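The block underneath contains the structure these notes are about, expressed in structure tokens.
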Amino acid sequence: MANFDPNDVLLTVRDVDVVYDTAKPVHAVQHASFDLRRGEMMGLAGESGCGKSTLAYSITQLLKAPGKVQSGEVIFHDKSGEDIDIRALEGKALRDFRWDKCSMVFQGAMNSLSPVTKIGKQLGDVYKTHCPGMKKAERMERAAHLLEIVHVDPNRLSAYPFELSGGMRQRVMIAMALALEPQLIIMDEPTTALDVVVQREIIQQIAELQRDRGFSVIFITHDLPMLLEITDTITVMKDGVIVEHDTSANIFHHAQHPYTQKLLSSFPSLTGDRGKFLRDGHGLDVTEA
Amino acid sequence: MTNATATIATKSSKSPKRSKFDAIKRMLPQRSARLTAGLSILGLVALIAIFLPMFTQDPNAISNIGLSAPSGEHLLGTTKSGQDVLAQLGYSTRGSLIIGLSVGVIAIILSTFFGVLGTYIGGWVDELFSLITNVMLVIPGLPLTIVIAAMIPQKGTAMLIAVLSVTAWAGGARVLRAQTLSMRGRDYVLAAKIAGERPWRVICVEILPNLLPVMASQFTFGVVGAILGESSLSFIGLGSSNQYSLGTMLFYAQNGSALNAGAWWWFLPPGLMIALLGAGLSFINFSIDEVINPRLRDMRKAEKDIKEAARKAKRAARNGK
Amino acid sequence: GNSNNGAAQDVIINTTANATTAVTVNYNPFSSLSVTGTMGGLYEALFYTNSYGTKGLEPQLGTEYTMAEDGMSVNVKLRDDVTWSDGERVTADDVVYTFTLLTENDALNTVGFHGSAEKVSDTEVKLTFDEPQAANGLTFLTGVYIVPKHDWEKKSDPVTDTNENAVTYGILTTEGGNFDSMAYTLKTNAKYYGGAPEVDGVRFVVYSSDQSKQDALLAGELDWAALNIVNADSVLAGKDISTVNLPSSQVSLITCSNADLGCTGPITDKAVRKAIYYGIDREQLNKLAFNDSYTEINGSLYPTQQYQEYFDESVSDGPVPMSARQDEAIKVLEDAGYTKGSDGIYEKDGQRLSFEVAVTNGTSDWINAIDIMNQQLKEIGIEFITKQVSSNEWGQGLRKGDYDLTIYGLWMPNATEAYGFYNQWFNGEKTAPKGETAYPGYARYNNEEVNEALKTINSTTDEDEKQKAYTTIQENVFEDMPYIPLLRQSGLTEFWSDKFDNFPTEDNLYANPQPWASPDYAVVIKNLKVK
Amino acid sequence: MKFYLRKIAFYLVAFFFAITINFAIPRMMPGNPVDSLIDRLASKGGSIAPETREAIQSMLGSSDAPLIEQYFEYIKNIFTGNWGVSVTYFPTQVTECIATALPWTVALVGCTTVISFIIQQLLGIAAGWRHGKRFDNIVSPTATVFQSVPYFWLALIFIWLFAKTLGIFPLSGGYNYRQATIGFSWEFISSALYYACLPALAILCSSLGAGVIGMRNMMVSTLGEDYITVAEAKGLSPRRIKYGYAARNAILPSFSGFGTALGHVVGGSLLTEQVFSYPGIGQMMLQAVQGNDYALLQGLFLIITITVLVVNFIVDLLYGIVDPRTRVQD
Amino acid sequence: MSELKVSHLKKDFELRNGLKTTTIHAVKDANFTLESGKTIALVGESGSGKSTIARMIMSLETPTSGEITLDGKPVPKGGKALYDYRHNVQMVFQDPFASLNPYHNIYHHISRPMKINHMASSEEEYEHMALELLERVDLHPAEAYMWRRPHELSGGQRQRVAIARAIAPKPKVLIADEPVSMLDVSLRLGVLTMLARIQREDQLAMLYITHDLATARHFSDEVMVMYHGDIVEYGPSDEVILNPQNDYTKVLLNAAPNPDAFFADKK
């Protein structure tokens, strides 16, 4: 776990409210506020549909209709000392900000690559847009280097996404997120639907990279056990509301909110006591709504 | 928590068994401008086809005022032999609709047979059916239709319908095949199989209902295609000129030199009617597309909402001033 | 359309070719598929006969002819100043060669020449027939196109040869023109023995439909066309286009009339045929189905507009009154024992007078006409039901006698007198039982008196005897009415009169003015004056 | 490799199926060429004797061989290029007839289809990209309506409007035979292009519709794909996202439908050629149907089928390049 | 009491890749016995052949070799016997979103298996039985759920419907293929608890296929670990999880998140 200065804030999120303006409007995120420090890895946990992705999208201004950020502010404190109000960005300024300062690994990274374009080209596109002067050879060289970082054979630059396994595609996406060495990377469930073994590998890699390069990460998943192991702080959401935000250890040992407590007690321990769990019918009486 | 759920549940439990219509309703396109436009156009054409012949004169009745312009007596003028164009338009629309609908129905049955049944059975049946389908698909349709049409000595409507149907089903079958192929392996189909359902029940009850929107869309395409196909055949003199249809009407108008003689009232209405009918069906198809393709559906909803919001905002701004 | 790729001052007249799609080169005058311009234009027959005007034959290569009294042979004198386009003289040898070619090649013998040809001198030939051909024999003089012996001898198969480098002496020549699949130009022959024509050439253009032709005519792209134009007066108004309206085939209802040859049903009763004949309002029919452009017809189908000679005015209905005679129709029916059924349709022995009338689908005029006749005949208790069939099916049924009734234009063969017409349609020797192919005796008519009379006409040169035979034919044809006369079809011919003069007019019909009519178009080209 | 073998096998089967239909159909048609020829001769005013029939019959010749023998003969002839003699254009070989007509159709229909395809896709991309906006709301319904207008009706109205009333385009035909002769001259080519404008325009108008709607819908659903959101997040320019990502993926189904579409257009060309007196194979086919010209009919149907099969085959092969995923399937 | 015995089960898939064919040995040699009231958990990496075993038991796939017997009788190939077999052996599919037909309501899904087996004589009776079943899987009040359609239910609720459907014909053996993989931890436990209760009540023999080692341990009597088509370890659950012998089992255990151990270490 990285050490970071508690006062060196990278991202300030204040009172963000998101509504999906459909027939029955969904208030997907309500009054979300948190601070993310430089070099911090923050976990965002919560059950499916609680608004995790929505929050991530509204931070990066990627929310599409009918979603709408109704209020709140998202300030990005750049390395240069400049404070960028992300919600006010538009057009070219927004495009320049994206990926250069803040990149994202999407939920279902499986589908994040255009299926008919070679991955080398898709990696190169980032450089083409953000470093217009760069030569093709250099772009390819950098892309190859990126693949090396995530332990993918650089020869695979000329492969199409479908020629890679799910795990490899995920790594390519992570490599792409690293391309411009941004200060913030948002990872939205980058490992769901993967084999536990592969999952573990990728997560370890992310943690390593983060330690080496010092960028901040928002790591979204509903797999609380995993978050506990890898993150510095954890934010727990329920029904669009942030119910708890604390360091991982604190959350594990002294969870405050009943929902967090329930989450923690829901997973049977792998190595702990077998107890009266499940089989004999005297376990937790969890009724679902 | 449990209590809350219970109250909600009790509330909804008051709504008793919901009928099959509910599911069908969900499959139906949502109300949109396009659907409304399509349905109104189609309704209008259907009204014309059903009721116009009841009120107009005998479309065959000749009179000595050939090629007269629209007037009080003949609202759409007369043909060369003094027949009432409006009356003919009514009967022709009916004729075309009958041809179009019949071909649509037959084609959908054929494509279901070749696309769904073959695929579900699998094995060599599937191979054979898909081969037939693909061959029918690459063989050029209109030339084939013409050759077949020329071969048939006496063309009644039924014959024409048969000819048009033969060349109309393959495209649909291919789409249905792809759909069925993906559905064949779906868990709920396997689950029905495991539960012990007979194959025909699996097809009819589990698979077909989910193909309804696709089939509806194909049906509309089939109808439009048949109406256009019939008019093309008639235009080159290979249609069934015994019966009134928009195609034969155009054919007579063209042979009677309607355009050259300035008789627009004879030449324009049948063509416009075909276009109208086609457009109506296409609009409906457009809306069905939104059902098949959930992304389109969501988009539409979003678009509408955004527009509404914008309108509201504007109104608010105006009021503010 | 005066400019073309030849010399700038060339005057080319534009007209339409017969084909409705691309054409391919075929200058073989014996082939039924030769391009327009071959028969009569490139190649000429010995004489020309104008079926609409002057009586008798006009000299071309032949200067005079003598028919033997028994009709068994004909002697022809030839010009001696004509040369082929390659410089060789045209001689009697060429004529003899041509006729011999016919007798030796069935496939070329579309005129049906059976006999022999011999050279009498360098400028005279004698044709001998196997049977008397007093009337028909002249068609060989006007319908056989003379080809050069020295050129055709070299052809390995005269049947399929397309004769691309035609050696000719006619008014047109292949030299200097061009040939494309959509349009081809034939230049006129400056060394023509009758004097060089004023027009420099003729261009035949292919159009796929009458609609396109009409558009082209109105746009001035066509100088000369034969099109039936709906509302012709208003469509042509203000344009420098003059028109000639000419009668052509005789539109009739063809019946399967002869029970002896297997025809069945009430249509074999001549009373029924007569009733239909009386029941039709020809004026309305003409107006609503035929643009009011068709003309009167004779009850005996005698083609009076072309051949006045031998027409017997004492035979009834010459011409047929244009309005319906319903009383007479009903009288004929009731005299024959028909009674009106409850549905208003006459019947006898349980057979209703309801007929299917076969028609090719796509022939909108005729379909219309049947609809109209049906409505007219309802009033005298006869019903027509339109039965549309494909053109192939229709033709086959017609030849086999499969239909009760069908509508058709009885066309005029190339002939010098009415004999040709009657012989073609009424000669019982040329028909066949129902179910077998008859060509063209579609009505299965077989009347000994008529057969005899036709034989007489073809084997005598005695005018009185001929007249008597013609009267017999006319009386019988009117009486039996195997073809129910409706109206005389007419063809409208249009010319742009701004560029050319001396087109045929109704007063000066020196040739059939319709551009598709061979060999008449060649005569028109000969006579045209450039303005 | 397997993929291509399968494809080849399929096209071979389709080909044999087509030629067998082709063999059977004329033999089932009523009527015969001799009679149609006589009718033509009569309409020409030629002299017709009762012997004419036999004369023409013996000129054309006929085959009384058993059907099976005829079939094998027919198949042999297909490959030897001996497609028989056309009756309508007697004594021209069918191959020769087709050779004069085919270039016209290929030039007109081929070019128009390609142009139409490109315009369709561009309009569809634009409408899909701006779905729900004004451009889309105008283009999509218009395309829908045009898609349902009978082709020949539109063509006739175009002739009336553009050629007769406005005089901008020629009325009919394939080129100006007064000013040019067929050949590789600028005069001919420019004239042919000018004459092709109106038919092309008519084909374009009636063929655009379906393609535009299809592409628009594909575009809309592609825009919802994750990789588009990723591309946006990468800060790529809208242009690049529109063409490089969205359109590139959305075009795939249209592309695979292109071959089939071409088949339809070849059929549709029949009407074009009829209406515009255009000298292509469509018109020739109608002629052959009416004239009972079996040999020509067979030849034309064969050539149309082969063309469509070949185009489909090429499209299939190209599809492997456009969509790399297909290369591994099967 | 009944017993489903799997012996020397083997399944090969022929994969045609270009001109050459490769054979995938999806399942190599599987031997185990499901007994009434007993649960076996099947864990292993993705693609190791777990679902293939399930599908072979359901005869949705034909084994390349080996035998599956129910109470000594081999699985019938088709016909009436197969219907009878399926009456006794049922399966819960992995994906609750895919295994319910969106077109039909819940009642249809539950009543069909009963109707096929003619378990009642009137529509009212079927409705009554369906209600009972829904109550059993903790969907209260059943009336409220019965006439809904799948899309109106949450993932956990669908999963219960799927289970209700599987137990509707009163099978003796239940195959549950990753029945909770799509659910998050809080829902997972509820569903599993319920399954355990039903098993107890009906004396079901159960095969529980999962990725989740923790629930495998707590929910089953025995654990089988699969790797590349082989069953590499098979034994009582605590033994396998707490004292793994096979290398792959160890890798698997290491990979699984285990905050207890993690924070214990930190201390």
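First chain written, first letter: the chains are A, B, C, D and E, and each begins at residue 1.
By our rule, a contact is a pair of C-beta atoms (placed from the backbone, for glycine too) under 8 Å apart; a residue touches a chain by one contact, two chains touch by 3 or more.
Being a predicted model, the structure only gives us computed values, none of them experimental.
Visitor: Would you mind naming the chains that touch subunit A and likewise touch subunit B?
Guide: Looking at subunit B and subunit A together, the chains touching each of them are D, E.
Visitor: With a step meaning a move to a chain it touches, how many steps does the shortest path from subunit B to subunit D take?
Guide: Minimum number of steps from subunit B to subunit D: 1.
Visitor: Where are there more C-beta contacts: C-D or B-C?
Guide: C-D
Visitor: Based only on mean CA positions, could you tell me how far subunit D sits from subunit E in angstrom?
Guide: 55
Visitor: Between subunit B and subunit E, what is the gap in Å from one C-alpha centre to the other?
Guide: 45
Visitor: Return the distance between the CA-based centres of subunit A and subunit E, expressed in whole Å.
Guide: 33
Visitor: Between subunit A and subunit D, what is the separation of their C-alpha centroids in Å?
Guide: Each chain reduced to its C-alpha mean, subunit A and subunit D end up 53 Å apart.
Visitor: Pull out every residue in subunit C that's touching 2 or more other chains.
Guide: 215, 390, 392-393
Visitor: Could you list which residues of subunit B touch at least two other chains?
Guide: Where subunit B meets two or more other chains at a single residue, that happens at 5, 150, 153, 238, 254, 302-303, 306.
Visitor: Of all the residues in subunit D, which ones touch at least 2 other chains?
Guide: 29-30, 274, 286, 328
Visitor: Could you please specify the touching residues of subunit B with respect to subunit E in the complex?
Guide: Against subunit E, the touching part of subunit B is residues 5-6, 9-10, 12-13, 15-18, 22-23, 26-27, 186-197, 205-206, 209-210.
Visitor: How about subunit E: which of its residues touch subunit A in the complex?
Guide: 45-46, 138, 154-157, 184-190, 192-193, 196-197, 200, 211, 213-215, 217-219, 238, 241-242, 251-263, 266
Visitor: Taking the touch rule as given, give the residues of subunit D at its contact with subunit A in the complex, in rising order.
Guide: My answer: residues 225-227, 229-237, 240, 244-245, 248-249, 252, 322-325, 328.
Visitor: In the complex formed with subunit D, which residues of subunit A make contact?
Guide: Of all residues in subunit A, those touching subunit D are 60, 62, 64, 94-100, 103-104, 106, 108, 111-117, 125-126, 129-130, 160, 162-163, 173, 176.
Visitor: Considering the complex alone, what residue numbers of subunit C touch subunit D?
Guide: 1, 3-5, 18, 20-24, 26, 31-33, 36, 39, 106-112, 139, 142-143, 159-162, 178, 180-183, 203, 205-209, 212, 215-216, 218-219, 221, 390-393, 395-396, 399, 411, 413-414, 424, 430, 439-440, 512, 514, 516-518, 520
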